[in-house]
Amino acid sequence: MKFFSDNAAAVHPKVWDALKAADAPDSAYDGDALSARLDAAFSGLFGTDCAALWIPTGTAANCLALAALCPPHGGVVCHREAHIEMDEGGAPGFYTHGAKLMLVDGDAAKVTPESIAALIDPIRDDVHQIQPHAISITQATECGRVYSVGEVAALGDFARERGLGLHMDGARFANAVASLGCPPGDLTAKAGVTALSFGCVKNGGMNAEALVFFDPELARLTRYRRKRAGHLQSKGRFLAAQLLAMIEGDLWLENARAANAAAQEIAAACGERLLHPVEANEIFVALSPAEASALRAQGFDFYDWPAPAGRPGAARLVTAWNSDPREVGALARAIAAL
Amino acid sequence: MKFFSDNAAAVHPKVWDALKAADAPDSAYDGDALSARLDAAFSGLFGTDCAALWIPTGTAANCLALAALCPPHGGVVCHREAHIEMDEGGAPGFYTHGAKLMLVDGDAAKVTPESIAALIDPIRDDVHQIQPHAISITQATECGRVYSVGEVAALGDFARERGLGLHMDGARFANAVASLGCPPGDLTAKAGVTALSFGCVKNGGMNAEALVFFDPELARLTRYRRKRAGHLQSKGRFLAAQLLAMIEGDLWLENARAANAAAQEIAAACGERLLHPVEANEIFVALSPAEASALRAQGFDFYDWPAPAGRPGAARLVTAWNSDPREVGALARAIAAL
Amino acid sequence: MKFFSDNAAAVHPKVWDALKAADAPDSAYDGDALSARLDAAFSGLFGTDCAALWIPTGTAANCLALAALCPPHGGVVCHREAHIEMDEGGAPGFYTHGAKLMLVDGDAAKVTPESIAALIDPIRDDVHQIQPHAISITQATECGRVYSVGEVAALGDFARERGLGLHMDGARFANAVASLGCPPGDLTAKAGVTALSFGCVKNGGMNAEALVFFDPELARLTRYRRKRAGHLQSKGRFLAAQLLAMIEGDLWLENARAANAAAQEIAAACGERLLHPVEANEIFVALSPAEASALRAQGFDFYDWPAPAGRPGAARLVTAWNSDPREVGALARAIAAL
Amino acid sequence: MKFFSDNAAAVHPKVWDALKAADAPDSAYDGDALSARLDAAFSGLFGTDCAALWIPTGTAANCLALAALCPPHGGVVCHREAHIEMDEGGAPGFYTHGAKLMLVDGDAAKVTPESIAALIDPIRDDVHQIQPHAISITQATECGRVYSVGEVAALGDFARERGLGLHMDGARFANAVASLGCPPGDLTAKAGVTALSFGCVKNGGMNAEALVFFDPELARLTRYRRKRAGHLQSKGRFLAAQLLAMIEGDLWLENARAANAAAQEIAAACGERLLHPVEANEIFVALSPAEASALRAQGFDFYDWPAPAGRPGAARLVTAWNSDPREVGALARAIAAL
């Protein structure tokens, strides 16, 4: 019973169907009919013109976005716990040719105009200090929290005022939208987001994410960089197919809602153990080593997590689009019984 | 009737079966059971210990190999028509952090110890000139020619003497082995190849190539670089599955033999039009613009190619594992009838 | 009366003499007779074989050292206030091709085995997290403090145990040695330092620093990187001349002693204002904005500095080899009179 | 009697005077009064607004210019014998983060609109092939030839039409201007040059070149890159002083005229040996190994050079601003007597 991550979950049957349907002769790279539909499909989804590129991984999508928004001599502000800082093996440094991640702290792994201003306002505008060029936020955050539309819009306003780009790492964007119940465009284009890594793999895809630009020039340049990074697959139709299967119906939201609902069921059993409000599909719980062992002995698989002050230990539980209701229920009961 | 490339051909049914079979819960990235089998499977194939990493594209496999063999301040010798020089959008410069491709000429898009020596022997061993660190060859070559075991071994000896690494871009390695009928280890490890990009996508795969190192330390370092380049897919089991489906039976050779046989059938109809002997699955033919139009009018799809001196035009025809025998026959007859 | 930095101080007459003497025909780059003496001269200074390259700036010397010690996918541990982190405009990212500076806190801008271990011990040895490859320390530190021989040796032992390189940014190395009164080799080679940026510019030079490697292979590779970074001046004899003028006699220590003595005179007048013990040639003092204005009105030029908690403001005062005793005395009296 | 290069020649007395005069307290980096005069001084020289940065070496000046004109995924067209291709140890790859030098052939080491068009017109505008973004020419060329005002203007027109930047490597720009007798602005800004590496070191300077931009935004960005590359010297006033000494009078032209005149004297003695017309300060001569030995036995120092077809050997002779008339005469007579 795997709750360690959604990133290795099964591929959704509708995605499989789309993959099979894509196995007909067509042009290579992104010259096929499916890839050609991406811009329109995502423009429809977001209610505004945008350009969308398929990218095989979230790391690559994030870092191509950063490279589009920040020159090698610049910096990108993000939270100290951001995935790009913690878990991407230095990919931001590779893609940006050495730009710097400029770290801020903040509850819920969120950045705010205030926390960013506190970091960047003291920076002299000279060549000795690295100047900020963009902000990157994660939606849902690394704590499983969700930025509200207002919070993103405040960051968008701030970014515009300061001349910064705004990137959203949306590895779990679907879970955030499902949680908020808002139009996806309100959370992105309207709120001032410049580039969005739109997650699909964690949400029932196989190996395709979308990198969505609300500025066509950035998309144009990124097509060169995608090739140069070796991410332009010759059978790109299979990546386009996954994305279209997700967004041309409501599958992306259905899957996210299922994962979120499972998370809520577990969260309800956690009571005081909860380290963060559960707003998407991740549950962070206080758990002593003995309790963790007890759960594992019952067959539950999950990651230990750094324990906050005053707690004997912690764990992260992640649900997925296909979390088995019986397993979810069993986990909820097991936690309640600890 | 598509003869423009094998790089967009259909996925083989056995690969589909393997993909579906891989859709069970397992660990993420390359921690799954299928990925764990790669080293052993490729070691068996090559008859010697080696390490194999799945990589989504040939461009990435090639360039990770170059980065493993050459420091940023060095150079890699390759043929002027090499794919890494002509068609990878600058990926070698990105992955190697700016190393230089050092170009040699030569028939059949082949490099030889002699042509390499002529290029590098005049280079002073000082800091003003870029020093060579590796050789990269393409097997089968960009002209559809195949390096013999002896030719590769001569390059391997030369590389060893000069302290250079030897990379083989084997996007169509299977076609070369099928053509030569030799053990794959004779053409690689035994011949002195350090790193092999083992093609799968053009040969019936979906989006997995293998990067095989005959030096474990290079593989160890490349695992960091693969992650850093955003190529470590979280559902890596689907890439491992494709490779294992290919090589744990004889599928890779069966598919290559089918493509090669189709190429031979077309070649036999080309007569004096042939620009290169056909040794793998690519046919380069002299074709006037009018003749090309005539073929296209009959429904044949292919790329124009730069015409050699004294020829009115040229085209490249590529067969694939699944080239339809009726279409192949039709093309052969159509060419013969020109 | 300039106390803002030693980095723009005058050039020492003996350095001028050496520059003039170097203006005779000789080979270009580092093929001249003066450059050829560097290895021996520095080996004599440090009492052990080493290789020394002239480098025009401290930033370049530091970053060439980091590039020699850390691969692009790795990290270098340094203090949060380190010059390489704060003041080099992203040069470490440029030279290392995107490696990460991994920051630790600590009094006196010093790092310790304990603070480093606290940072790096939690790092999993996997490809998702950046692995440390080197430590960089500043001697004297950014607070004007000096690492003792024992402190450096403890870091050297720790680095060796963990397989890390150890770089010392010695922009004010001379001031540190003058302060400690120890043999320079005890503070570097014997203590486990792998690479030293040996400062000359702040100490009476014009535009030459030395990058000293206690590992000849690192020096060999760095000669390529120095050229590739555009730092191999064709009239390199003028850089070698500056360094030899400094170290073939005791000039480097004489100059540093003069600067340190001036700093002590000012420090003695500062009393409770001192924010750090003065061990080299920098004095950090608490100073209210009004007090700072008062000093400036008397003609003293210096930088404001971030005020520590509970202080109304702060300033940095820096002495140099040629600080005018009358100006130093005047400043000391002016501070005492505040 | 050294004729191997002008790059190690003595420093002109007026430059020494300027250096000494600069040794007064001033602000660090480029905040000093001398650096502040550069833009105006060069704007006067070129008769148009421009921005000028001091850079310690020609390699760095060239490569900062390339980085300003070409993104990492692009290419720069230059002659196959260009200094940036042949002699800079891979610096273009370092500074541009891996962009490609795209090589053309041509007499006199010159590129022309025709030769460039022949190279770039066949490039498909897609992501697989590297797209050209700039042209770099050397004035005087690597053969000692000089582009006429018309030739540069033709390249400028071509560059503008194609949306390419135009960089001039002017390591011997002074010799070219002295040879042509034209206003320097006619050869640069008016002719469509975007960025000029203005050589000073070979012409009597110590270690300062100027990088001149006729587009202020490129200069602005390059100030960050100069710092990031470790080329922002803290005592930058000494670099500014050298440049101002050269151009605020006619010293740069006087020195170049002297070197050119010496070259003419030698050329006149070479007769049929001349491999290229002598238009600046380099003389390329056919010379058998025995003849070369004979000259060396008489005390003349010079580089061998690759021999063109049908010649038994070749040598390059370079004069400098301070070539001794007696040595020049002696060399001329010695060659005539061969």
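For reference, chains read A, B, C and D in written order, and residue numbers begin at 1 within each chain.
Keep this in mind: a contact is a pair of C-beta atoms (placed from the backbone, for glycine too) under 8 Å apart; a residue touches a chain by one contact, two chains touch by 3 or more.
Just so it is clear, the model here is predicted, and its values are computed rather than measured.
Of the two chain pairs examined here, B-C and C-D, it is C-D that is joined by more C-beta pairs in contact. Among the remaining chains, D is positioned farthest from chain A, on the basis of C-alpha centroids. Per-chain Cα centroids separate chain B from chain D by 42 Å.
Chain centres here are Cα means. That of chain B falls 50 Å from that of chain C. Once the centre of each chain is set as its mean CA position, chain C and chain D turn out to be 34 Å apart. Shared interface positions of chain C, i.e. residues touching 2 or more other chains, are given as 72-73, 88-90, 93-94, 97, 127-128, 224, 227-228, 232.
On the chain B side of its complex with chain D, the touching residues are 72-75, 86-90, 92-94, 96-100, 122, 127-130, 306.
Chain B makes touch with chain C in their complex at residues 71-73, 97, 127-128, 131, 221, 223-228, 232. Every residue of chain C that touches chain D in the complex is listed here, in rising order: 2, 4-5, 7-11, 16, 20, 23-28, 32, 55-57, 59-61, 63, 88-91, 93-95, 201-202, 206-207, 224, 227-235, 237-239.
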